[in-house]
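Shared between the two complexes below is subunit A, which has subunit B as its partner in the first and subunit C in the second.
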Partner chain A sequence: MPEKTAATTASTGTETVTTTAAAPDTVLVTKAPKARSLWSDAWHDLRRNPLFLVSAGLIVLLLIVSAFPGLFTSASPRDADLANHYLGQPNWSHFFQPDWFGYDGQGRSIYSRVVYGARASIIVGVGVTALVTILGTLVGMIAGYFGGWVDTILSRITDIFMGIPFLLGALVVLTSFEKRAIWVVILALVFLGWTQIARVARGSVITIKQADYVVAAKALGASTTRILTRHVLPNAVAPIIVVATIALGGYIAAEATLSFLGVGLAEPTVSWGVDVSSGREQLRNAPHVLIIPSVMVSITVLSFLMFGDAVRNALDPKLR
Partner chain B sequence: MGRYVARRLLQMIPVFIGSTFLIFAMMYALPGDPVRALMGDQAYDPAVVASIRSDLGLDQPLWQQYLTYMSNLVQGDFGTEIASKREIADIIAQAFPITLRLTLFAFTFTVLVGIGLGVIAGLRPDSVRDRGLLALTLVLISMPSFVLGYLMQYIFAFQLGVTTATVQDSENFGDLMLPAIVLGSLSLAYVARLTRTSMAENLRSDYMRTAVAKGLPRHRIIGVHLMRNSLVPVVTFLGTDIGNLMTGAIVTEGIFNVQGIGKTIFDALTRREGATVVGIASLIVLVYLLTSLLVDLLYAVLDPRIRYA
Partner chain C sequence: MTIIEETAGVPAPRAGGEASGPLLEVRDLHVEFHTRDGVAKAVNGVNYSVASGETLAVLGESGSGKSVTAQAIMGILDMPPGKIPHGQILFRGQDMLTMSNDERRKIRGRKIAMIFQDALSSLNPVLSVGYQLGEMFRVHQGLSKKEAKAKSIELMDKVKIPAAKARVGDYPHQFSGGMRQRIMIAMALALEPDLIIADEPTTALDVTVQAQVMDLLAELQREYNMGLILITHDLGVVADVADKIAVMYAGRIVETAPVHELYKRPAHPYTRGLLDSIPRLDQKGQELYAIKGLPPNLLKIPTGCAFNPRCPKADDICRTEIPALVPVTEQDGSELPGRGSACHFWKETIHG
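Here is the complex of A and B:
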């Protein structure tokens, strides 16, 4: 097979911007004359990218909502009033009121459930991404740096996990648990999801370990730990972060899909996937019960996708 | 070429064994017991449960169960379901063609529309239609398939009344159209984006300038020079796609009530019928591995610089 490393996006360490150092007293100086690092260069780009600003704004809003849902609604997501509110239609002009998005089949405020449901999605998305990044980076870095039989074994294990379709594997793991707390769902997704990052990390570590600065560090007698943490990791981290941010949206979608199938989160946990699942019976008469949480899932996934896209464009010099 | 294929097939064996063993282990080692599930809520005698378990071989160590299972499987014996006593081979024979039809339908849709849209956008990078397509694909990718599925069902079945909400006849291509579109839409978005990016990149390449400079007709420049080079990453993606579509069918078949393997495996999971789950999962893993081999061989067709020893 043609050896295709996933890390075609591997960056070239530090990027030197060669602007001629202009005399400080001229009024024409608009650019900072000093060389910027990859990160500050990326940040320079991102600040001007409307896609990034919009998605970052949405993500910050989602984080605030999931941390302090009580700030956004006074209604409890579990208060059910069947008598008055069974499948109540949305009142689009009642902003931030409990009846803004109508009521579900148990007479619970959909607006309130949507607000409180953000937390589950964010915890799963961020939790899985963090753990997958740590585990995947560790495996990929060890495999890529040491090579030889270590690499062979770790790469075969990665292949085996990759051979299992993600959704199918998650279904098999999760149906085994009767009580599915949020951490069970997180661990199940991490168990199956770490391979992607491991491959990316392995690929970029393989290119980096041949770099002059790594050879120099070795020649100076630096220990393996020092080389890995001070030289290899900081330079390998850019493609990993890109893949991780884009994957985050996918994990949120996966959680919603699993909860929707009835094997992810379950009542009494408030989750968008659970709400979509409970709205399916009434799709013909009361579509809002299903559509509103569905739209929330999509907006959340979209924000993380756009964010990841923007970060990738900023960090990948090839695309410029 | 022949030696390369043989080597790849040999390399596949450990991955196949590893993946199926992992699924097998997850199915049987984790809590949840098919014999207990058989008893339901009734009171049962632990001795009866133990004897059924030993009849089924569930009391043996995991690796031994796996060996027995696999040696039966390679002889074409998928085993029988514990509760219904049905032959699993029969269940698969009934459900597999339906999913295969749905998957291939979705795949064709993905390839034709995805590459088509990608070409339309990629030929004019940063134009209005390019940005429009990019936005459309972002929206498609961010919609989990159950969201798109119910949305389409609501619009086309309940509001417009063009189709029925669920599939009545899985032999009928008209009936399968909606589920196939829903199933294929995520891949479609990826294919469109990949085609677009790869074409936009190759447009700036030297061989394109040469082709234009020597006065080749436009359809030849785009059709032969540009497309052939741009499709390599797309084909890579499509290789893993058929396996993904088959798993994606779990959700789509549930929404549209298609009696394929997706629905079968989901039902089997809730009943803890391990043999059915592992049997179908092994088939999916096999499809996944074989299609990725096929893709590697396709590379050489698309790019003659790649040679297999």
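Here is the complex of A and C:
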């Protein structure tokens, strides 16, 4: 058998030379500009989009802050000096000083707490998004691709989870934990949040599995795993990524909400939600204690929403 | 290119299998689709066979079951709602319908490959052409990325895509329709299968390109000595390429014949109708013949011969009895090899 193959390919080689010898060089001279894939095309668009540049810049800054908070402030977020008790008002001109944003009710530097609080929000946001995307894509892809009873069962399970009111569900889940470490909050949000991605993934997989190139791949002997990973997933992933980036902001907001309600993160964890919650007590006398962490939450959520929007526009130019 | 060794100038003819029997044989194949409105019988007892190096053209209008038969052979039928109640598909004597999914998958691509009608939608838009071609070698033969790329370029040369080396990284949308179809052909050829099924390979192309693609297909088929099943509704495409023709109507084969015989003397009123509906230069100015009526609803196939409501020769017997595919003979009773007709009045049709 190998001998035969060699023989046929050999003849291929010689014949090719004779048949194409007339044409190729002239064609090569006018070589088309480098082809762009969907992703490099999207990147090409994004680099020129101010919305994307601003939001991406903010997100990068947030990531750096949450990774290395020590670089941005010398004060510890847990140092309480009651001499500062309420309320050193903000000193707007003291950039990056502990008293830049003033002090909270226990005399802790708000600036420092804001810096250290970023980590909790980012970990929750990114962690929940990552897990939700993996879980949702898996469930949605299996349901959409295999269809039939597999789809029926998985879709009903998705519906059941979707039927649970988010806040109520989170309250119930979280109050059943004695100690609410950050991973508990993450798992609670994943538990309630994966359905959205699952639906999106299922929908786009159903569209794609009917595409001729999936049938063609099957006809040329590709295995199910290969079809799913090489043909279905890369084509289905764009809407999933869009939904995931937009949802990321929502998870950060949800963490703040739950912490504010007292069922999310709690002292001594440093988190914006926790600070908003404690700032509420002295809203009249010292509004900045509440407002500054709230603004941080808003800016962060907004950056992720803008980021998601920009990515969506880049991946689907028809939406513009 | 390093893999190639100049061992022999002429390609070794492919072994036609252990036995000299046909490469692929379809026996009494039935396919039905269970829909809300009832059972649509798309294929009702099809028999045909292809040998190595032979081209079988399956001719028929939309809904005649020609593509469904091909899908059943490839095993890419959507199994609900589709169903194969009985029949056999023998590849080198082995029934593919009783094989496990894994065994069938190993035949697909390696032994039997398929070319689809619309090459643009049959190629994955997010992967480069070279990647998709190379995938065949990487997955089935375990070649490295580099070797696979070299092989892809070689294949693209083979199907006469100009500047293959420069275009191997391009995406499907950057190619013209004819070039895309060539890439599909290259993908099907990649593993040098024994049989290629081409499902209306030229329908989506314009006429000048159609001829080029058909020529290429015929040339490659000769070179590799493959069997080829050509599914089409275009009588013009078939004439030059096919060895024998099977005409399908409402899920049955109504006539089989060597290609030129069929054009010369059709033995079924449906075939005759098809041939008469080809516009001809010498009949310029006259009204073009058309087979009256519509193709049958597959949910309610007429009793007797499915063609009877549209047939100019229909008689009472046609409305009650399904005609079997019988061998067609000369007037004096001498045999006409390869010819068959499923018509009660085949004698009148061919000799009348």
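As a convention for this text, the second predicted complex is superposed on the first by the 282 of 320 C-alpha atoms of A that agree within 3 Å, B and C clash if a C-alpha of one lies under 4 Å from a C-alpha of the other, contacts with A are read in each partner's own complex, and residues count from 1 in each chain.
One rule holds in what follows: a contact is a pair of C-beta atoms (placed from the backbone, for glycine too) under 8 Å apart; a residue touches a chain by one contact, two chains touch by 3 or more.
Predicted model, so just to flag it, every value in this text is computed and none were measured.
Chemist: Based on the superposed arrangement, let me know which partner A:146 touches: subunit B (first), subunit C (second), both, or neither?
Modeler: neither
Chemist: If we overlay the two complexes on their shared chain A, which of subunit B and subunit C does A:305 touch? Say first, second, both or neither.
Modeler: first
Chemist: Does subunit B (first) or subunit C (second) touch A:213, or do both, or does neither?
Modeler: second
Chemist: Would you check which partner chain A:221 touches, where first means subunit B only, second means subunit C only, and both and neither mean what they say?
Modeler: Once the two structures are laid over each other on A, A:221 reaches subunit C alone.
Chemist: For A:235 in the superposed arrangement: first (subunit B), second (subunit C), both or neither?
Modeler: second
Chemist: Do subunit B and subunit C touch any of the same residues on subunit A, and if so, which?
Modeler: Comparing the two interfaces on subunit A, one with subunit B and one with subunit C, the shared residues are 4.
Chemist: Give the list of subunit A residues in touch with subunit C in this complex.
Modeler: 3-16, 19-20, 23-24, 27-28, 31-32, 35, 37-38, 148, 211-213, 215-223, 226, 230-231, 234-235
Chemist: Give every residue of subunit C touching subunit A within the complex, in rising order.
Modeler: 1, 3-12, 14, 74, 76, 80, 105-110, 113-114, 116, 118, 121-128, 135-136, 139-140, 154, 157-158, 160, 162-164, 166, 169-171, 174, 184, 187-188, 192, 223-224
Chemist: Show which residues of subunit A lie in contact with subunit B when the two form their complex.
Modeler: Interface residues on subunit A, with respect to subunit B: 1-2, 4, 156-157, 159-161, 163-169, 171-173, 175-178, 249, 253, 256-257, 260-261, 263, 276, 280, 283-284, 287, 290-291, 294-295, 297-299, 301-302, 305-306, 309.
Chemist: Given the complex with subunit A, which residues does subunit B contribute to the contact?
Modeler: That would be residues 8, 14-16, 18-19, 22-23, 26-27, 30-32, 138-139, 141-147, 150-151, 153-154, 158, 236, 243-244, 246-248, 250-251, 254, 265-266, 269-270, 272, 277, 281, 284-285, 288-289, 296, 299, 306 of subunit B.
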